[in-house]
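Chain naming follows the written order as A, B, C and D, and within any one chain the residues start at number 1.
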Amino acid sequence: MDKNIGIYICTGCGIGDMLDCDPIAEMASDEYSVSICKNHPFLCGAEGVDLIKKDIEGEGVNTIIIAACSPRVNYDVFDFGQDKIIERVNFREHVAWSQAEKDENTQMLAEDYIKMACAKIGRTDLPEPFKAEEEYSKDILVVGGGVAGMTAALETAKAGYNAILVEKDPKLGGFLAKMKKNVTLPYKDISDTGAEAMIKAVSDNPKIKVYTSAAVEKISGGPGIFSVEIKANGNSATERAGAIVQATGWVPYDANKLGHLGYGKFKNVITNVEMEEMAAAGKITRPSDGKDVKNVLFIQCAGSRDPEHLPYCSSSCCLVSMKQATYVKEQNPEAVNYILYKDIRTVGQSEDFYRKAQMDGNVFIRGSVEEVGESGGNLYVSANDELLGEKIKIEELDLVVLAVGMVPRSLPAEIPKIKAPSDSKEADADGMIEVKPDSGFFATSALNLAYRQGPELPTLKYGFPDSHFICFPYETRRTGIYSAGCIRRPMEVGKAKDDATGAAMKAIQCIEATSIGMAVHPRAGDISYPEFNMSRCTQCKRCTEECPFGAINEDEKGNPLPSPTRCRRCGTCMGACPERIISFKNYSVGMIGDMLKAVSVPEEDEEKPRVIVFVCENDAYPAVDMAGIKKMNWSPYVRFVPVRCLGSIALVWVADALARGIDGLLFMGCRHGDDYQCHFVKGSELANTRLSKVSETLDRLSLESDRVKFIEVGITDCDKVPAIISEFMETIESVGPNPYKGW
Amino acid sequence: MADVQTTNQSILVVGGGISGITTALEAAEAGYDVVLLEKNPYLGGRVTQLHQYFPKLCPPSCGLEINFKRLKANPRIRFFTMAEVAGISGKEGDYDVKVKISPRYVNEKCTGCGKCAEACTAEVDNPFNYGMDKIKAAYLPHGFAFPMRYVLDPSIVGTDDGKKCKDACQYDAIDLDMKETSFDLKAGAIVWATGWNPYDAAKVEYYGFGENKNVITNVMMERMASMNGPTGGKIVRPSDGKEIKNIAFIQCAGSRDENHLAYCSGICCVASLKQTRYIREQYPDCEVTVFFIDIRALDRLEDFYTMVKEDQKVKFIKSKIATITEDGATGNLVLEGENTNTGEQIKATFDMVVLATGMAPNSIKSVCSADVSCDEYGFIANDPAKAGIYGAGCARRPTDVASSVQDATSSALRAIQSIARR
Amino acid sequence: MAGNYDPSFAKEVFDNVDSGEEIKMCMQCGICAGSCPLRHEMDYPPRQIFTLIRAGRRDEVMNSKAIKLCTSCYRCKVRCPRGIPVIDVMHGLAHYGIKKGIIPRKGTAAFGGEFWKMIYNIGRIDEKTLPLKYNLLEGLVPGIKSTIEMAPMGIQMFLHHRMKLLPERKIKGIKELRKMLDKAKEMGKGGAN
Amino acid sequence: MKYFLYGGCSLEAGGKNYMVSLEPVCKALGMEFEEIEDWNCCGASISYAGANELSIMTLNARNIAIAESTGGYDIVAPCSSCYIQLVKTNHELKEDAELRNKINVILKEGNLNFKGSLNVRHLMDVLYNDGGIDKIKSTAVRPLKGLKVAGYVGCQTVRPYGEYDSVERPKVHDLLLKAIGADPVPFPKKMQCCGSGIFLTELDRCLGLVKEILDDAIANGAQLISTVCPMCALNLEMYQDKVNAKFGTNFNMPVVYLTQLMAVAFGMDLKKEAALDYCVIPPEGIIKAAIGG
């Protein structure tokens, strides 16, 4: 598009008191041939906006630089339509409110920001949404036909979309169908599971296609264009889907590992799952002799909350045992149930069910098991009764039920190994290394994705493919694939249903966004996407390795095969590529490079150092804004450059900037490590890794490594921002001016 | 306000906290029109007042920033602050809703420049900090407030201060004649995401909240730990600003108690565990004691509990404390109760006590004449037989942020289904 | 040595002790003991009494000091988060213990017994003769000794018009009242015996 | 306003000064009392040693049923021990139909029936809510200016339902004291139990409770203690000698009924109506100083 640039400077909110606008206009006209440069005392007011609109209509302005407040505000006021390029220059928070005085340095700062904006728009094109060649599918593939999977399919259908349900067993229903009763809101009593009705609703629903005795053999493609190969009852089928819900559920923790609790040793020691199945089948009896049960003891946290077994809490076992105690009492009102627990965890309204279980006369004992044994054909349990403060023994037990926890079905029995990288220190004798849970190669076969980064969803610590984010529980590392129910996190039936409904929502949303070329969370609505100039590709594979979302496959030769519908637009690939072949229409290595070149670098004797601060636009940028709002001051020698994610920074920027005489570069990114906050998973970590390798470049240029620094800045660290800058400026002062100035 | 064009294809989301925002965004990003109402002058709700989330100890504003960005980018959502529902009638697919807007006394011309606050001399209790400090009567509710627009406290309207504010504004943004207004809208489905209020700690009278100065609540602790809180993030004793050497947390201060909230509020255990981290980070020598009935750290949150337990300075005692007595001279607090593990009577002195007060829902019943069921506690029951109005987040059950967002996402689909059915 | 759990005592308590079944609801928070004015005097805090009942420790419970020490201040009852009328349970246990002859008729048990007898006999309490009767229960000699110890107080009360000169007379409806009380005894939990 | 008065056994004897003073005070506030005909003892806190719950309830149900059969007024109990027994019975019988049926089977033996038509109220409730602070203020022609009083509420006075005041932090007693010009001192132990019905039989243990209460009153500068319960009055006043003997203390703190102070403030006769001479530890000197007599 032919760019007709207009620059509009707001002099309100104190900007006019700090800057002279005329020289800025002159500079823009001289250096960037911008003919329209106007200022207004209240640009966001109706009159100010009109001024711009008139130029759009009258002068054909289509590329608008607004030098006013932060782009985080007045986003609606300065929206002039999708067909305009809008660049916001933050004169208020980053200049007027955060500079100590109106002087030459402040003026130069403002001028640099205008120059950088001009350079930026010079490299900006209006993005056009991606459109796949194939027709988009709006159907949803649901893997797993238990309560979560059936719910996902039904809710999808209710919203008017088609679902394809794949269940490994011959019959739908999963654990729900094996249950006798359920406990759920309002938690006053046990209730029917509703499994049969649900199975029927699924089977009868014309919008749901069910495959039983089936497995997903292979999934290729991406959101909107998934191709799914299903093997059902020995036959193969191929389906197309737009998004996927993985609801493959859980398996009970292997009670054979709980020999110390008598499992496998005594027939009358059973798991809660076995208890449920027995109850559902009819009568609860002693497995040893089929006799009636009168005294039952439930051992809570059998394996759960135990570092030797499952360190986590399985969430639902307290309620399950209380429910099963109800079965026992219903069968024989004189029966006695003992519940041996660590903590009773009936959160929310489910506390009511705990009350009911108490009312029923079940005996709750807080403590730990010492021994499970047999005497005279009956079981006994010795325990440490915490509240009695004594060792106790409960005899004449007919049944001991182990409340075993939930293990994600896709947890591998043994941690898989892959070939270790050559520089790995953890490799075994065969050069192999254990796969980390957050790798797509960790979990066992459920989706069989034909993805370069592994066939399954990456998982968290214990093998649950859950979100790492508190605010975004449906955040996924594989675009368009959402996990739901107990595969995600141990949860009770009611919550699994809610969770599956939410997953269906996200799947539908992904389909709708993809079909119009929009990104999903966190850059929801973004229509730009990375384009690859393949002719210059060196098959280094960095982009395919580093993409946090597994969006790029590669061919046998190592050429990247991008799947734009899987892409989340973070730009990590762009930062990874040493050949600069990946760029967005409105975000590229060249664009930022030009911005850096636009910064004026005064001569050494002027003693005006120049520092570039790259800031993550989600966290560090608002923190800087906040510091401005609080009227905190910082050096006039720094220039902020917002980036989509620090994962998108290219090392060439460092080299280029230093070569031009920029004295230092500071990178403000999100916290990384186990509790990472980067919304693109690894961006900030990758940036840090890349920067650690920058010393070579610095050495080559004979520059001090102190000139480049990475620092973690959270969104609430606004109070720290000025100090971080001052400290860095002191460092720069101590290492002295960049010797390349003026070259 | 008259330009609110809605149809029975619109989704109304009541409550602009994390749940409401999520519902609105999820529905809008799938292509549906949403109206979002928030009674505060800003969006974000209760989570904006939290210092950090458990278990990651990350700031809520990080996720809110993304959500606000999504909201700014989405023309399908219209939101109103200082807005409350005054009445709901109708049925699924066809609701009539009356919305009441309280006067902000600041119009859309506000640039957030802050000149009014500079001019204003009157101060009011800062609601954002639960009254722990004062704020100018012309104020930005908090640093991250979205929308970034000032508010005038009604107490200065008609006073000199009100006039000073008006005169100080260069943008004609102060409108002292603003009145409460109302408008009607239509909706095909309603998601009630009005969240919760902290249970009034003063009602648990034997803890002397309000009289014993160094007894605070868990929500107040969040403000204290927060950089934009009343103490700039430094946790100190309210009575004398002194540093803390020995602090107690009392769990279930109102929750799991038939005299107060019979249900478990679900989050307070892990919230207190989290707050022990705040304390221990600021005070390497501070002793912390957590008095509890059961520690309820579900699923992977157990890891967080395990981590806190490893801290030798944090003690856990199974006891519901019976009495707090203030020592008038020192402001120290004497706690009495039974250590139920040992049977010993506890009499221990602390310099500060945090009450883990629970969540009381903001119920829909008072404003809704349409058919909707609530449980005995006021939480929306989401009765499948009464589709059309759905509770989301803590309006439905007391729960943490991740579960609220999960629930809010499912509510978005339920609302969409209500529209799809019509 | 591990003590054995025995549910039979709990059942006995549920079936025979007034408010006894309410202890099922206890979640062992301990606020009852923390609230009790005589907490330092009790051998077992109330919630521990409940634990002992659940464990089947009949002797420990029925012989405990705790169940005889209630001052009836109701603080445990108003505070119990599970709505257990702790005071009523403690009273019920004491009553049951006395009825079963486990708790000797000494001290409070004896005093209360005399108190009730007087109500049954005349329908009211005569403050002047009640302590006398109670003291005499301990035997003639210690009884007289206790009475003499109490005498200065009695004299003071008398001098300040706070003692009725004449003995309290039976209420008019005493016959009907007795019939009612007989019936109540029979219909009460665990029956008359 | 007319009420049933249930004075109970103590108000005829040990708590006589309560009865003597409350009658003229209530009359001055426009209240009229009718005694429940042929009432019986409430059972107090201690009967459990001799009888089961149902029997004790029967005692109270009989009194309420008699009142119901003779009039439709609220039952006022000045004695906290009587109050709690009556209010508990009334409440539980109203709530629990099964229990009500049971009781009515029992009451039938005396041709009585419990309907649940009346309210049971403590005298303090009636003074505060029906008499009213304003009326009391205006009647208090001889305010007890500056008299530092520890307003002892005692435990049973407001429990178990807290129908007119908080069960933990009651205020009504202090408000009434203020209304008659007195200066209620802060008194954290105002709710601590005095030992009540087991005082006599657990003397050694209960003397400690009384000592704590007296200590607290003195530490807060009280000149005398005001009570609304004959059991509290008895335990706090009559056992000071024994406390002194046991703990080597020197307590000589007058204990009066609130209604005695009110009678004084209402300008009534210090002996005949305020019954100050009924007190064993004489309060006259302190009270006279306050009213300037």
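Throughout what follows, a contact is a pair of C-beta atoms (placed from the backbone, for glycine too) under 8 Å apart; a residue touches a chain by one contact, two chains touch by 3 or more.
Protein names from UniProt, one per chain: A = 4Fe-4S binding domain protein; C = 4Fe-4S ferredoxin-type domain-containing protein; D = Cysteine-rich domain protein.
Given the structure is predicted, the values throughout are model-derived calculations rather than measurements.
K.L.:
Averaging the CA atoms per chain, pick out the one whose centre lands closest to the mean of every protein CA shown.
P.N.:
B
K.L.:
How far is the middle of subunit A (4Fe-4S binding domain protein) from the middle of subunit C, if each middle is the mean of its Cα atoms, in Å?
P.N.:
63
K.L.:
Whole-Å distance, subunit B centre to subunit C centre, using C-alpha means?
P.N.:
Their C-alpha centroids are separated by 48 Å.
K.L.:
Starting from the mean Cα coordinates of subunit A (4Fe-4S binding domain protein) and subunit B, work out the distance between those two points in Å.
P.N.:
Computed from C-alpha means, the inter-chain centre distance equals 24 Å.
K.L.:
Can you pull out the residues of subunit B that are in contact with at least two other chains?
P.N.:
206, 256, 294, 318, 340, 343
K.L.:
Can you list every residue of subunit D (Cysteine-rich domain protein) that touches 2 or more other chains, as numbers and ranges?
P.N.:
Answer for subunit D (Cysteine-rich domain protein), listing residues that touch two or more other chains: 167-168.
K.L.:
For subunit C, give me the residues that contact two or more of the other chains.
P.N.:
27-28, 47-48, 78, 82
K.L.:
Hey, which chains are touching each other here?
P.N.:
So, checking each combination of chains, I get A-B, A-C, B-C, B-D, C-D as the touching pairs.
K.L.:
Any idea which subunit C residues touch subunit B in the complex?
P.N.:
Residue list for subunit C touching subunit B: 27-35, 39-40, 44-45, 47-48, 78-79, 81-83.
K.L.:
Sort out for me which residues of subunit B touch subunit D (Cysteine-rich domain protein) in the complex.
P.N.:
205-206, 208, 325
K.L.:
Taking the complex as given, what residues does subunit C use to touch subunit D (Cysteine-rich domain protein)?
P.N.:
Of all residues in subunit C, those touching subunit D (Cysteine-rich domain protein) are 18-19, 37-38, 41, 69-75, 77-78, 88, 91-92, 94-95, 98, 107-119, 123-128, 131, 134, 152-153, 156-157, 160-164, 168, 171-173, 176-177, 179-185, 187-190.
K.L.:
Which residues of subunit C touch subunit A (4Fe-4S binding domain protein) in the complex?
P.N.:
1-5, 7, 10, 14, 24-28, 47-48, 51-52, 54-55, 82
K.L.:
So in the complex, which bits of subunit D (Cysteine-rich domain protein) are touching subunit C?
P.N.:
Where subunit D (Cysteine-rich domain protein) meets subunit C, its residues are 9-10, 12-17, 38-41, 43-55, 57-59, 62, 84, 102, 105-107, 109-111, 155-156, 159-160, 162, 167-168, 191-198, 200-202, 205-206, 209, 238, 241, 275, 277-280.
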